[in-house]
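For reference, the structure I am asking about is given below.
Think of it as A, B, C and D in the order they're written, each chain with its own count starting at 1.
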Amino acid sequence: MELREDYLRTLRCMILSRTLEEKLGSLYRAGGRIVGGVYLGRGQEAFSASAGIHLRWGKDVYGPLIRDQAGRIAFGEPVLDTMRTYLGVVTGPMRARDGNIHRGRPEVGYMAMISHLGSLLSVVAGALFARRLQGRLGDTVGATSIGDGGTSTGAFHEGLNMAAVEKLPLVVSIANNQFAYSTPTARQYACESLVDRAVGYGVEGYSVDGTDLLACLETFHKAFARARAGHGPQMVVGRLLRLGGHGEHDDASYVPNTKKYEHEGRDCLAVAQMQAQELGWATEAEIDEWFKEARREVDKAQAQASKEPTPDPYRENWRALSTPGLVEGMNE
Amino acid sequence: MELREDYLRTLRCMILSRTLEEKLGSLYRAGGRIVGGVYLGRGQEAFSASAGIHLRWGKDVYGPLIRDQAGRIAFGEPVLDTMRTYLGVVTGPMRARDGNIHRGRPEVGYMAMISHLGSLLSVVAGALFARRLQGRLGDTVGATSIGDGGTSTGAFHEGLNMAAVEKLPLVVSIANNQFAYSTPTARQYACESLVDRAVGYGVEGYSVDGTDLLACLETFHKAFARARAGHGPQMVVGRLLRLGGHGEHDDASYVPNTKKYEHEGRDCLAVAQMQAQELGWATEAEIDEWFKEARREVDKAQAQASKEPTPDPYRENWRALSTPGLVEGMNE
Amino acid sequence: MSITYLEAIREAQYEALRENPNVFLYGQDISTFGGAFKATKNLSREFPGRVFDSPISEDAMIGMAVGAAVEGARPIIEMQFADFSSVGFNQIINQAATLYWRTNTPCPITIRLPSGGTPGSGPFHSQSMESIYAHYPGLVILTPATVEDAYWMLLESIKINDPVIFCEHKFLYYHLKAEGFGDPMPIGKARIARPGRDATVVTYSAMLHESLKAAEELRLDGYEVEVVDLRSVKPMDTDTILASVARTGRLLVVGEAFPWGGVTAEVIARVSSEAFHLLDAPPMRLNSKDTPIPYHPNLWKAHRPTTANISASLRQLLRY
Amino acid sequence: MSITYLEAIREAQYEALRENPNVFLYGQDISTFGGAFKATKNLSREFPGRVFDSPISEDAMIGMAVGAAVEGARPIIEMQFADFSSVGFNQIINQAATLYWRTNTPCPITIRLPSGGTPGSGPFHSQSMESIYAHYPGLVILTPATVEDAYWMLLESIKINDPVIFCEHKFLYYHLKAEGFGDPMPIGKARIARPGRDATVVTYSAMLHESLKAAEELRLDGYEVEVVDLRSVKPMDTDTILASVARTGRLLVVGEAFPWGGVTAEVIARVSSEAFHLLDAPPMRLNSKDTPIPYHPNLWKAHRPTTANISASLRQLLRY
């Protein structure tokens, strides 16, 4: 059965993502080795990876955001790329020029976000638009994500509206983790559910329990199928909770300890492990083994990246343009 | 009966607006006298004035847009202000520094739009926010409008979302006149109707036949009452057609001559005149008299404004700051 | 055959569409309607499926162009007026301008900004934004002043593998005519628009023509004023500027943008720091005034530099 | 009692809220959380109903501040980082900056921009945007470099009846300390941060401290370098700059923003054109490099001006 396979692949991505992020978190707390901030996707792996698993590295277009480590792995990004970026070595995809969650490889359809929330949506749309224009869209699909906070940006609105007008095969995940940094959703929007926005854009909308891997997979499966079949953008809203601070510097003390977030606050990875066992798709021993493999993979990447060189300002070319003849010789 | 009174007041505002705009159009075509472009609200008077009539000059906050001449009149703006602005004399509210549809008098709650579509909404919201903070909101309400095209701007989205979060007493009119300059709505949005957006902002939505004054009045009556009663922003979408070019320089040859726009293409002013007579609220003779009065008022304003001085660069203070001590002495 | 500056812009887009199937046009009202200024007139008919009316979404327009460029397309984005690029500002300076440097993926997009003042256009349809964009790394800022440059530089822009901000001046659209496109000059090189020996005026875009008229006025007084047309403000051709100042010893820089910072300050800073000893008199600059751009022509004419005050400044400079 | 630059910013807001019931604060995460940098720590508790968490909507945040100002309120808007003001850019330069000139209605808003680079912050959390905003008419641009100025200038900003862009430097937040706030100096006046006679460094914000260190280094070589802290880049106190150059005859301008245009070019343009004869050597400038701001500290340190290259530039200037 296909779902079982997808499920297990996704679960393994979640395990790898969690393992990798725990390493990054502990490196951050240890101090001295990680460059820049660490923003983790703990609690959002099921939702993020369920989108990523539907994407093909080198074929589809993916524009992940802050908390999409699991989706990135599911898309096919090597752990080594992540490690190299966080450790600030020049072998990483951003060559230590830009950091961490900003990483990407646009040349293979893996877009590199800038910080300004919402602004990546139109970029992903543009990639799809170009492919259609060039007659090579085929069954390509694009995906990107945003948080509850990011939906308040004008860029998000313009991008989604434009994608809908152009009827592009785009899946937009909205990870509603109840907070934008410290700001609760009540200060971010006034609608009942963010999925209520779908109809206003003329896109198809789905709402899913983001802590339930099976539900996430089924929902994204539908959404991606619809997008690929030419039904235009799809909006998938996941209800979940950020299990940790905004970044590792933040203790999230502002999250009230109420019943309100009880369900969203379930750890999707724990839930998925139980679910897999209940469904008879995996044994505890197998899962343990996957965690061990993940740890080996992460350790290996760390060991490798740690040996690699950090950037040397004297070897940098300090050029912001790809056309050398147009670079000004200032300050030189 | 109250509705009758409102209706007739609004109808007279529409007549005055149409008369004034016809004068502006002919002055523009004659050349030489009008400064800048002329963008008219022909066909949108019923919708625009029905909003304006619910606002009290000096008490409420109004942020009209391009095609709100009728709403401005209904709000209480003197025809002379309009004429002075179009004729570019220094006695106008903008003192010939800015033109025509940009005019306003913020000090009395009459906001002066900038060109960038969508950006006025948050300004109107801010005025209401401040009044509430100062404890003097009372039964104050704010209103602003936008076209079908303007709904695609990030500014509109951010402003409306913020107003909804702050639950401000704001009525937002969306004049869906089927075109944004030459661009048909199919290239502007993909939803069925723009009113479908209301739910996504958590605001109350209404859709109304913008060519039917009675319907417009009734709808806005409800919307303003709800806003004043503390139910937060109200969104009123009017279905209508721009009866003319984008500006007077534009012959609108791109508007296809199809049945599609038959209903929206009705002249709301003609419809209202018939309606008034059918309802027994006004006779043809009375209406004729109102047109004559309107013409007299417009002619008088023109005669007056024509005598007034255009700006003298040597008498301008050329200062962009209100604090003289902070102005730089450049180029002097 | 007499061609206007505006027609040159249309022709360049025609040629680009013809030459390269990856070129497409995206902007408000540019398809059937041919654009607010008709810079894309008939192009949607001549190149079906390559010219698109966009929603009023400047931010998304630029973002989509960046995404398309990543995939090998070469979008030309028309802003209806330069002034509206302020709402696409973030995508220009942070998304497009940083892409190559961050990811090693070139970003070949061309953003057309109908720029500058015309009478009666007011504060939001008259702005010159070249100085703003030039401040940011990762952008090429072109400011053509002639029909020939409008054509060749736009055509070249589309071939450049980097984001180009193409500042075309609305005042020149219909006024300026030429008999043909002549030969192209390389991007990044300034041009001696008029040779002289007594003083150098460095300028660009519409102010070139006011400056040339002023130079002509001064000829009647016996002065030979050299006029340098920057053509591109970033990169800026410092060598040509310095060579001219070396000949004349006197420098006036004229620009239509606001006075604080910007092109005129940049030119003076370069000349003062790199060729101080060449200057026989303090360098001067002339910009528009430090207020928004007035709507009434009486005020507008006094707000921007004119032939009259360029001449006056030159006389002052020459008297030194 | 030792107070940091960041605490001074909090204290000024405290004082403003206390003094004037029309003051309110609007920004992301500034209420209970106290802001990403804790610049509004406890203020929501101390002034209930006056400090608001905003949605992530920089455009609307500025628009709402303008509307509130029209009604007599005095909003302070916190941008989480200066870099995010790029999405509020249009409302700043076209809505807020033009309001008074267009309508005669003052627009007293204060926009706080946590500015400038810190190690590891990368291209979108490190920008210095003072030069961009200063280009536009209708704005006041303040760039405090000291704890005292952070306090007094912010307090004064809120009283000014015009839009103020308050560029506070993140690098100074925790590093910089003082024993008290001292006495206020008027806005628009530069300050001789260190007197000297051999050369003038004009600078502002975090670069003041690098420049002072460089001046100290040069003292060991027997040079007395005067350091001028601009404090406000618009208005710019040309008189104080010229007076200093009159004393020293030599000028180096140091800024952290990108090299093209901006504050350093503006200072040189003013000095060169208004006091050419005072200069004994070509004026020099030092900016960050013309690329986005790198994330890795190795690169970041080489990207912006440092004590070392300010010293090197000064030596070159003094050798002339």
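The definition used in the following text is that a contact is a pair of C-beta atoms (placed from the backbone, for glycine too) under 8 Å apart; a residue touches a chain by one contact, two chains touch by 3 or more.
Computed from a predicted model, the values in this text were never measured in an experiment.
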item	value
Identity of the chain that, by mean CA position, is farthest from chain B	A
Pair joined by more contacting C-beta pairs (A-D or B-D)	B-D
Distance from the mean Cα position of chain D to that of chain A, given in whole angstrom	35
Chain C and chain D: spacing of chain centres that average the CA atoms, whole Å	30
Centre-to-centre distance between chain D and chain B (centres being mean Cα positions), rounded to whole Å	40
Between chain B and chain A, distance of the C-alpha-averaged centres to the nearest whole Å	44
Multi-partner residues of chain C (each touching 2 or more other chains)	54-55, 57, 59, 83, 86-87, 90, 94, 97-98, 101-102, 123-124, 137-138, 234, 260, 289-292
For chain B, residues that touch 2 or more chains besides their own	94, 97-98, 102, 114-116, 152-155, 158, 161-162, 165, 187-189, 319-320, 327-328
Chain contact graph, described as a line, ring, star, complete graph or other shape	complete
Residues of chain A touching chain B in the complex	152-158, 161-162, 164-165, 167, 186-192, 194, 196-203, 232
Of all residues in chain A, those that touch chain C in their complex	61, 93-95, 97-98, 102, 104-107, 111-112, 114-116, 119-131, 133-134, 154-155, 158-159, 161-162, 165, 319-323, 325-328
Chain D - residues contacting chain B, complex	21-22, 24, 49-50, 54-55, 57-73, 75, 87, 90-91, 94-95, 97-107, 137-138, 140, 160-162, 187-188, 234-236
Residue ranges of chain C in contact with chain B within the complex	28-29, 32-33, 36, 52-57, 59, 81, 83-84, 86-87, 120-125, 259-260, 286-287, 289-292, 294-299, 301-303
Of chain B, residues touching chain C in the complex	35-37, 88, 94, 96-100, 102, 114-117, 149-150, 152-155, 180-183, 187-189, 254, 310-314, 316, 318-320, 327-328, 330-331
